[in-house]
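Each chain carries a letter (A, B, C and D) given by its place in the written order, and its residues are counted from 1.
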Amino acid sequence: MSAASTNRQKTNTFRLLAPGVVWMILFLVAPIMMIVYVSFWTQTTFAINSTLTLDSWRNFFASEAYVGALWTTIRLWLIVLTLTFVIGYPAALYVGLLVKSKTVSTVLLVLCVIPFWTSFLIRVLAWRPMLGKEGAINIILQKVGLIDTPIEVLLFSELSVIIGMTQIYVVFMVGPIAFMLGRIDRNIIEAARDLGAGFGRIFWKIIFPLSLPGVVVGAIFVSVMVLGEFATSGALSGRKVNLLGNIIVTQVGSLKWAMASVVGVILTILLGIVVAGFLRIVDLKREI
Amino acid sequence: MTQSDPIFRLEGVTRRYGNLTALDGIDFVAEDNSYIALLGPSGSGKTSLLRVIAGFETPDKGRIWFQGRDITDLPAHERGIGFVFQNFALFPHLTIFENVAFGLRHGATKVPDAEITDRVRASIDMVGLSGLEDRNPDQISGGQKQRVALARSLVMQPKLVLLDEPLGALDANLRERMQTELRAIRERLDVTFLHVTGSETEALAMGDRVAVLDAGRIIQHGTPDSIYDSPAVSDVAQFLNRFNMFEGSLKDGMFHGAFGAVSVASARPNDTDVYAIRYDRTRIFDADASDLPGPALPVRYLASEYLGSSIIFLFETADHKTVEVDHHLSLGEPRDLTVGQNYVLSWDPAQAIVFGKESAR
Amino acid sequence: MESKVLKPILAVYVGLFILFLYGPFIVLGILSFQQGPEGGPQFPILSWSTYWYQHLFGLTPPSRIAPLPVGEALVRSLTLAFMTMVTATVLGVMAAQAFRKRFRGAGVVFYLIVLGMMVPGVLTGLGTSLLANNVVGIERHWWSTAFLAHVVYTFPFAFLVMLAILNRFDGSVEEASWSLGVSPITTFRKVTFPLIFPGVLSAMLFAFTLSFDEFPRTLFASGRDQTLPLAIYGTFSVEIHPNIFAFGVMTTLFSFALLSVYGILMGLSVRRAKKMAMQEDIA
Amino acid sequence: MAYDLQLTNVYKTYDNGTPAVIDFNLDVEKGEFIAFLGPSGCGKSTTLRMISGFETVTSGDLMIRGKRVNDQLPEKRPTSMIFQNYALFPHMNVRQNVLFGLEVKNMPRAEANRKVDQILDKLGLSGIAEMPTARLSGGQRQRIALARSLVVEPDILLLDEPLGALDANLRKSIQNELKLLQRDLGITFVFVTHAQSEALALSDRIVVMNAGRIEQVSPPRELYTRPSSQFVARFIGSNTILPGTVKAREDGNVILETAFGILGGANRAGIDAHDGREMSIILPAEAVDLVPADVPEDEMRANFGSNTIPCTIERLQIVGHIMHMIVSFVDGRKINVEGHVDKYRDRLKAGGRAFVAWKSANATVIDH
């Protein structure tokens, strides 16, 4: 390629990318580096200074509550991830593949997405009158006669956090899966039928493998959001469930920046492992 | 510029994509005011060549001259070369009129509105689409889109228009009509068309000159007749899809092949020894016929394909090679053949074309 | 396929699924009509009233329940969402445009941008406030630090939307324009942009709503002045009242209004094309 | 009778009441190569999809090897379909694609692999057996689709525009391959196309369809030389149609009085051509001769009788070994004539005068 035009094209690409890249480096990468750095700072009661120390790290691993929060985060993440997948896949299958009319499929998808235009916090809060002792579920169950006394474990427990998170995040699983299923060429399924395959085989050999990128994208969405959560657990568990996010919020609230940073780094590492793991299954860039 | 001056000239144009060499040092001179068909199989680099001339891509090496000026480093919009895309690439958000007016409205030189209207109307009229000015591109047929694309290029009065498989997206019946029309339109204007196609019939039908491109090189350039009647190398003959080609060996003026040994008057230089006889020059005889005009190739009859104006008979040789015979129905009814039966094919050796390593003579 | 059995079963399932998604809303909507000011945020409904809606707009006589501090917060949130929308969309369109050509390091840049939506809000928020506090030494505001963090979050969405649109965009119309002697800049203005405009609109919608509702980043990165989600969050720690439910209903309606505007803008172009096609059929 | 495929009074009406296929009747013998040919929307694809089972039959009987299959699911039918876009499984390599149909049948692994190897070898795919299908060329993809369908040994192979997705210069060689493969296997092939050249070249019989109905079912040459209706005459080939009134009959030919004089054509369909009946003569472009005006009149009369029309040569074009000639009659009408170059080279020149001439036996008369 002649030098002049190669350079012209390169400059062009550079100009288009520079603002975005600079923004991300300054306001995303640098802050994360900062968290790592500050996690080694020395914390005094009301201030921190940049003398490097491992104290905060030691404190984290010495505290049962903190390490417990790590395990709770991982446990809740796995449960919610599984639930969103198990509950979301059949819905996605219907919306993305089985509904023949494009309009119906679009309407159903829009229906699923509409709740997102209500404030996230209010969506969380809406579970309280639903799950509470005098909440809708207990009232209905009592009216039907399935139970005599209200189930108390529904609200302010790990269960309520799980229910709340599943409801809020399941759509992030349904969307990408339905999208991938919608992209499957119907002729491929007809070809498989034509070769004598029944639904079970078509599902496991054709449909599921082809929807896998959607599952992975959905799983990444859900994981990222659940692992960084603190509001849902705060609002629905009555402080009984502490996630890594909750600890960060509390520590920042009491100006314990170093400890907050330690938890932040641990959260970052956890996320890095999870996302990298999922990205090994599909190349995200190619799917878009 | 006089009539015989070249409109454009390529000098050692080379284009690589990674390891793949799409264009391999192409030298080419095109006469002004002519219709040039560039024929090549898919992957031969023909579209790359067009895009390099248009300025959508830049060559790694070599120069491009247009109207006596080196345009190698000029961006596409400063070249003044028209381009007609295979998918037409009409602006979907503009009416037919605005599509055609686009270059006049937004180009570097300001054109007064009245002149734009006149030129656009004249151009639309020339391609026979008057009355459709206010339609949107999605409201017209494929053939009409093709015409709009053409009018849009021609309204800029370019001296060179590049056409990238312009008939590829049209169905067979329309393709034939557009062939005639494209030629007629070009003849009316003082413009050179460089038309890229993968179809040998299209190239032969349309070009005043035909260039055959293979693996990034131009392997033959001449009139359609000369390409068809005397392919320069065996690859051209192969690509024309009209020759039975036999491998064999050429030694001391004799070609030894599946049909025995034939004496060869002259051979064209080639990497391998190949004997080629056109489908329509190959004739069918009974297995025991004695009055053959030339070599005897024993074959078994497999099937026939009816092409409307001609019939193709498919035969198989002893070594399972398929051989074709084309009988044009204007020459009368063909003979009846029985599937599975043995026959002998023969031809006038003077009509064969021989390629060989031993080309001297 | 045994869709004769499977399809109805799944149809029922999807119905239940949607009920699961909407259940809390329905309850929330019902409870927003709780009697006030005595009625609490739970069943039973003492009596139906619109008290809490009036309360929201300060139309009720003063009581022990303070009105939600939403007035100024709403203005701030809208302003912030608008600023974010414009910045993120411009960055997103530019970056996606660059990605149409192959270049070295494309993979790294892609993941750098996508990282913005992958990193949880707590982390971006924490990091941004650390940087502001301890390195630059500036005060945090919703219009400065929080804005930066919001763009970090929404720019990837805008970028991905535009990437998807541009991937399907047939570049030959641009080449056609160049070959007609129209410069690349005019070509972008007259051809590319009008054609990708629906995508730009979607990217804007994404960026606006994400920013408007953004909470964890704002929590850390903004200063004293609250945005709307922060104001709501503030009420969490104290006792909640049905006024917040009424507010939820209001914001939902607002969102619908926003969605409708988007829908109308998108639909207009489609309808225009359809109408012309129909005239065609009649003719 | 041992028919492989029989359609008797088959109708297809869509849910919204639009008729797609009307009274379709066809008997196909084992080993036949059948083409459904017609303009888009004529019902040819719908018929193919009814045979495969992807569309239901509204009324009538659909029989495969003597068994009524109207209500049989596509996965149970002994048919196999080649889709226009080939519908290869994108996440599987070539071998896995071909193996799929045998896995479905739970065929023992060793036997299945052997069969797959055989068919891959037969279609020249052995070298790419382990490649993912995404990067392969159109021709290769089509062969994979063929292999995938043929390996399950269907009674009938259905092909939906099998050459439509291939580029022009590949099409011809694939066409030959397909034809020879079908001859070799002896399986019944039914294919849908809108390209007459494909239908003519490949099939034993062509079913011409128009607006949901069968117009004509004939072998290619017969269709070309003996169209049964104006629609077929216009749709197939490059024909000139001259209307006239019957004046006389001789030796199976009909003599018409036309605007261009007394002209004759063969009455191949055996129409009752009584005097005064309105009929048309069909002149195929390659069946007529273009005779230069300098040929002596008695020589011409001896060859063609009164079947001559004076014309002006508008345009001559040689494409390969074929001469395309466009000539105009006195009324300005332009018609196509074509012939081998050997017959015409150097005898004609553009702008000159000539005669379009034919022997009555080479033209056909049909009802007007």
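In this section, a residue touches a chain if its C-beta (ideal position, glycine included) is under 8 Å from a C-beta of that chain, and two chains touch if they have at least 3 such contacts.
Everything numeric in this text was worked out from a predicted model, so none of it was measured.
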| item | value |
| --- | --- |
| Joint neighbours of chain B and chain A, given as chain labels | C, D |
| Contact pairs, highest-scoring chain pair | A-C |
| Distance from chain D to chain B - Cα centre to Cα centre, in angstrom | 26 |
| Gap in Å, rounded to a whole number, between the CA centres of chain C and chain A | 17 |
| Inter-chain centre distance, chain B versus chain C - centres from mean C-alpha coordinates, in Å | 54 |
| Multi-chain contact residues (two or more partners), chain B | 75 |
| Touch list for chain B against partner chain D, complex | 41-42, 168, 171-172, 197-202, 204-205, 224-225, 228, 239-242, 278, 280, 302-303, 305-310, 312, 314, 322, 324, 326, 328-331, 339 |
| In the complex with chain C, residue positions of chain B that touch it | 54-56, 75-83, 85, 87, 89-93, 102-103, 106-108, 135-136, 138-139, 149, 152-153, 156 |
| Contacting residues of chain D [partner chain B, same complex] | 167-170, 172-173, 175-176, 179-180, 183, 194-197, 200-202, 220-221, 224, 236-238, 284-287, 289, 317-322, 324, 338-340, 342-343 |
| Complex interface listing, chain A residues touching chain C | 9-10, 12-13, 16-17, 19-21, 23-25, 27-35, 38, 48, 50, 87, 90-91, 93-95, 98, 108, 111-112, 114-123, 125-130, 132, 134-136, 139, 167, 170-171, 189, 193, 198-199, 202, 220, 224-225, 227-231, 234-235, 245, 248-249, 252, 257, 260-261, 264, 267-268, 271, 275, 284-285, 288 |
| Residues on chain D engaged by chain A in the complex (per definition of touch) | 52, 54, 73-76, 79-81, 83, 85, 87-91, 100-101, 103-105, 148-149, 152 |
